[in-house]
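I'd like to ask some things about the structure below.
By written order: A, B, C and D. Residues from 1 in each chain.
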């Protein structure tokens, strides 16, 4: 009953096999090997266009370096008030951008509200140095709240961003989960909606350590090789990332794994809906669920070996949780077993 | 005939097996799993004392974050003028320390000369804000020049550093090669000589991606968890580093691999010594060799598939290389085959 | 009818006279001269205790360097969502702290609400690296909204801050205005309430360029000389700041100037209250007033030579301003003339 | 007998008068006032072309922000090994550039040797991320060693810089002294030689606090307003810098002051040349002199009230100073009196 996080899962056997298969002999370091080049090209196929893709080691690095690539002096990134880049990266985005601000935009369900975005951007005026200058909008798909942006909302946000020459960044730590939840293709979810840069996460979904920054406009990436090296994210034996991604993308393994993960979440959501001691805090659609549990039930589950984390209520929603209740996050993964979900749900019933 | 770099090698089969063995099930993320803890403890054994050890992804990260851990405002790191941290990390040490200066100290053979170190440090006076304040001395063992610091020199440098309350950092990207070249134990090479922090490199010597920062004084590491996370070097599935290091350290595999690597370098040195078209540029002892090759021979070798890099002459030694000659670096690794070395040497003869 | 900002005013004649008086001969540079030392000591008297005081050139520098002095890796400053350090310093606080986050705390009237502060701080847990670590709380007195913190609120905020070992910083860009509005002494307003560091502003209130960072606990300032120099805020001829402050503090000139400034604001508030075409947007007490003007009246005033700025509505209060209205800021200063205020009010009537 | 530094001098009476004259009434803050604009235009006349000029508060700020304006990720500034930006700014250039490296280039007499510059630049190759990427060459005119670059050398350095698309920056902390020593016009000394950015220093030569960054190519300055604000160097009452510069430039006061300063240095040099107890350490031409004094004489002078600083020998020239001798720096200024120089020289005789 491990619902702590999808990063508590390990690596898929196919990933290990690929690592073993590519481990022999010599290959050019620092991204110049044949498998590196091959996987970089594979991303063109995945996204149905030419992209510039850079492997990095952590999602925090992917997000932070992406911002660094489009930064300006006094730069500001507009993001949701509960975005991962604000709440969970220990200030890495600010550090890698030399102090750009992550400006919080309010919105329900962990999603930026386009009207609020437009209003926040009005606080900045061209040439008015005091406020700084926005340089990007960042959205997470799936969001940190387990929810999903609709195509329409992404387009609305992209329109606002591009009006002001801001890059639109998508934090795709759980990109595959968003794709399979919506039956969208990678292209449909990103550049066809106006997304400029994607943090493509694979670690949570079956790899060991494989993340990538994908630029849909390669022009924006011209300085990125220096930014990545200087950020200590240029691995010497980069083929170890490429080899993971080879297995991950082969035969759409990544989508299958995400489908399983989402299905386990659906199973868990059903369990919550039929429980008298628990409820979904809000509607979710990816592999993250937020639930309000009776304190007693939560403690019993923890005693039985369940693992999950307490969660902070969203700003302005502290009334979600009553007395003798707690807000918790439940995350399923590619390796979550249905039996474990059922055991958890039974305990809730 | 791949002598480009030891990071062109892949991963040892034992490393892959360990990864596969530890890939199943769930384990606490971010360094809290049992194997993480076990390998951290193993470092205590390796170094014969309690240490604080932190896994990171690249050697550049290890060096840069180590400096960040002991930084002061206006901080200065004293290092050799041709140190890796100056010449090969794209300014990452400066970036992760928010702009500390890597102050070059001259010395023959890629080694800091203690007298020069003492003289450089006189340029700084306590409380004299204009010059900044030294905060660390960094030495590489084995050095970037393929040479080794003697115990006496390390002790002399440590004494100077500690007199002024500077941390002594050792860049151990090729630490194992230095150990086996001198028959020293890890403890003898480090804290017994006065070293305070070690960048422990395993990637070049048979891992995929496994580096660690080792603090011999855990007090210096109190803020390091935040420094590492903020530096995007806290991996979620850290067990993937721990699993690599488990295999690496088991049965002293690491030392065996380094012994092979050094033996291949000895074989290559012998070949250079008996060649009329090539010579060692200076005496080396680890798995890096610097050679002056006749241009024609170099071009023939490259045409035959040899891979090696041209190298910059050390400051003040541009006369090492004559007309129609070039200075190159030759690096052997754990996976270099004797037959390849012999083929190279034959071409030189 | 210049109500654009108090920094549109010039320098008081006594300040110029003092500059001329101290301009001859030689004096030790970089803060070591006799007048520097004398004025530093004068701050002990002003604050009725030993303080460590450092002159800097801008209020932005004072705030930013103050945060740098108490920063930690992954550091976070809790401040009001509309704080000057968030909205008006182009990211300087983030830059000088190498990327600390300015975490917005909500609260009415431009003042941090202690309950909200406590709730925000719960998002951080000791040792939980992902969220970063709070290091300071910053309040502005007088606030950016023209309002004042009560002694009780400052004490409540200080208690929360100190519970968690956070420094309490006060942005005193308009410190004198706050003092005279409340008849508080400098000591009563600051360290007696729990304030640890003060940005002491004098520029807006009659100097040319004279700001200071005052540490009530000199231990916190030990690294500040390096932080200031490295931040390019150690002036060579520091006596030029000391000479300004000599005149500013002599005979309580500073309080007299602030008293005038506040009185002019009172006069303006009265005018607004009796106007049918304008109203105070919220109650203010210092020399900043926020008013909602009929658009037509505003345009007429601007055409008549009045100068004032449109202002952004506070977050969540966009309904303050109706159709055909605008929110503007009106600031009085030490050199504002009553006749000009009256002319402005007449136009409003 | 104050020869500590030219920044021990005060401000010229004309500067104080100008400050007083411009102190009344209201004027737009942050550089938008009429006098700001007028002095900005005056720089066009001084330099005989359109320039973009930005006032800042310290020379350290001018240099550091200039580098920030032309920085690139992994950026490197080539400068003399004993440059002020390396030895005397506490790492501010590294800080303001987020960690660009100040790469030391050797050369006699405190001057970059163009051949050494060319050789150092060969250590960097386009697209080779490990070494970082040079972005500027910085020379000081007059140099920190009291010497001057010839027109030919500046042109040679500019040619090398521009070949590689590096900006050529001139640190003109003592620009006026260099001009009058060579009878060159500001244009002849700068852009006509290939200089792209000038740190124009006025503080040392008769102002209180007046420095400027001058871009000969305004295109390079497009982001500078944000860089300056974020660097806390945008003063609110900028007219206080403009007013100083108004007096400084009026009737070529600045050149007269520098001429006096240099003449006093000539008088001092003559005294050293005729002394048996002292000698010039090397030939100088501006208002800085480096002398080797008998220890006994130095101590007697200090006892008699002379003020001067011991100085570090240039790298590789530690044999300049014999036993019982010391290397000192002697600086004259616009307010140095001939009688004081004579008193000093008499003591040396």
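Everything below uses one rule, namely that contacts are C-beta pairs under 8 Å (C-beta built on N, C-alpha and C of every residue); 3 or more make two chains touch, one makes a residue touch a chain.
A quick map from chain label to UniProt name: A, B, C, D = Low specificity L-threonine aldolase.
Since this is a predicted model, take the numbers as computed values, not measurements.
The interface of A-B is repeated, with over half of its contact pairs matching by residue number, by C-D among B-C, C-D or B-D. Between C-D and A-D, more C-beta contact pairs join the chains of C-D.
Relative to the C-alpha centre of subunit D, the farthest chain centre belongs to A. Taking each chain's centre as the mean of its C-alpha atoms, subunit A lies 50 Å from subunit D. If each chain is reduced to the centroid of its CA atoms, subunit A and subunit C end up 39 Å from each other. Between the CA-based centres of subunit C and subunit D the separation comes to 34 Å, rounded to the whole angstrom.
Touching of two or more other chains is recorded for residues 30, 73-74, 89-91, 95-96, 98-99, 129-130, 132, 226, 229-230, 234 of subunit B.
Shown here, the protein chains touch in all possible pairs. Taken together, the subunit A residues at the contact with subunit B in this complex read 2, 4-5, 7-13, 15-16, 19-20, 22-30, 56-61, 64-65, 89-92, 95-96, 203-204, 208-209, 226, 229-237, 239-240, 307, 335. Taken in their complex, subunit B has these residues touching subunit C: 30, 68, 72-74, 98-99, 127, 129-130, 132-133, 223, 225-230, 234.
Residues of subunit D that touch subunit B in their complex: 73-76, 86-91, 94-102, 104, 106, 119, 122-123, 129-132, 312, 315, 318.
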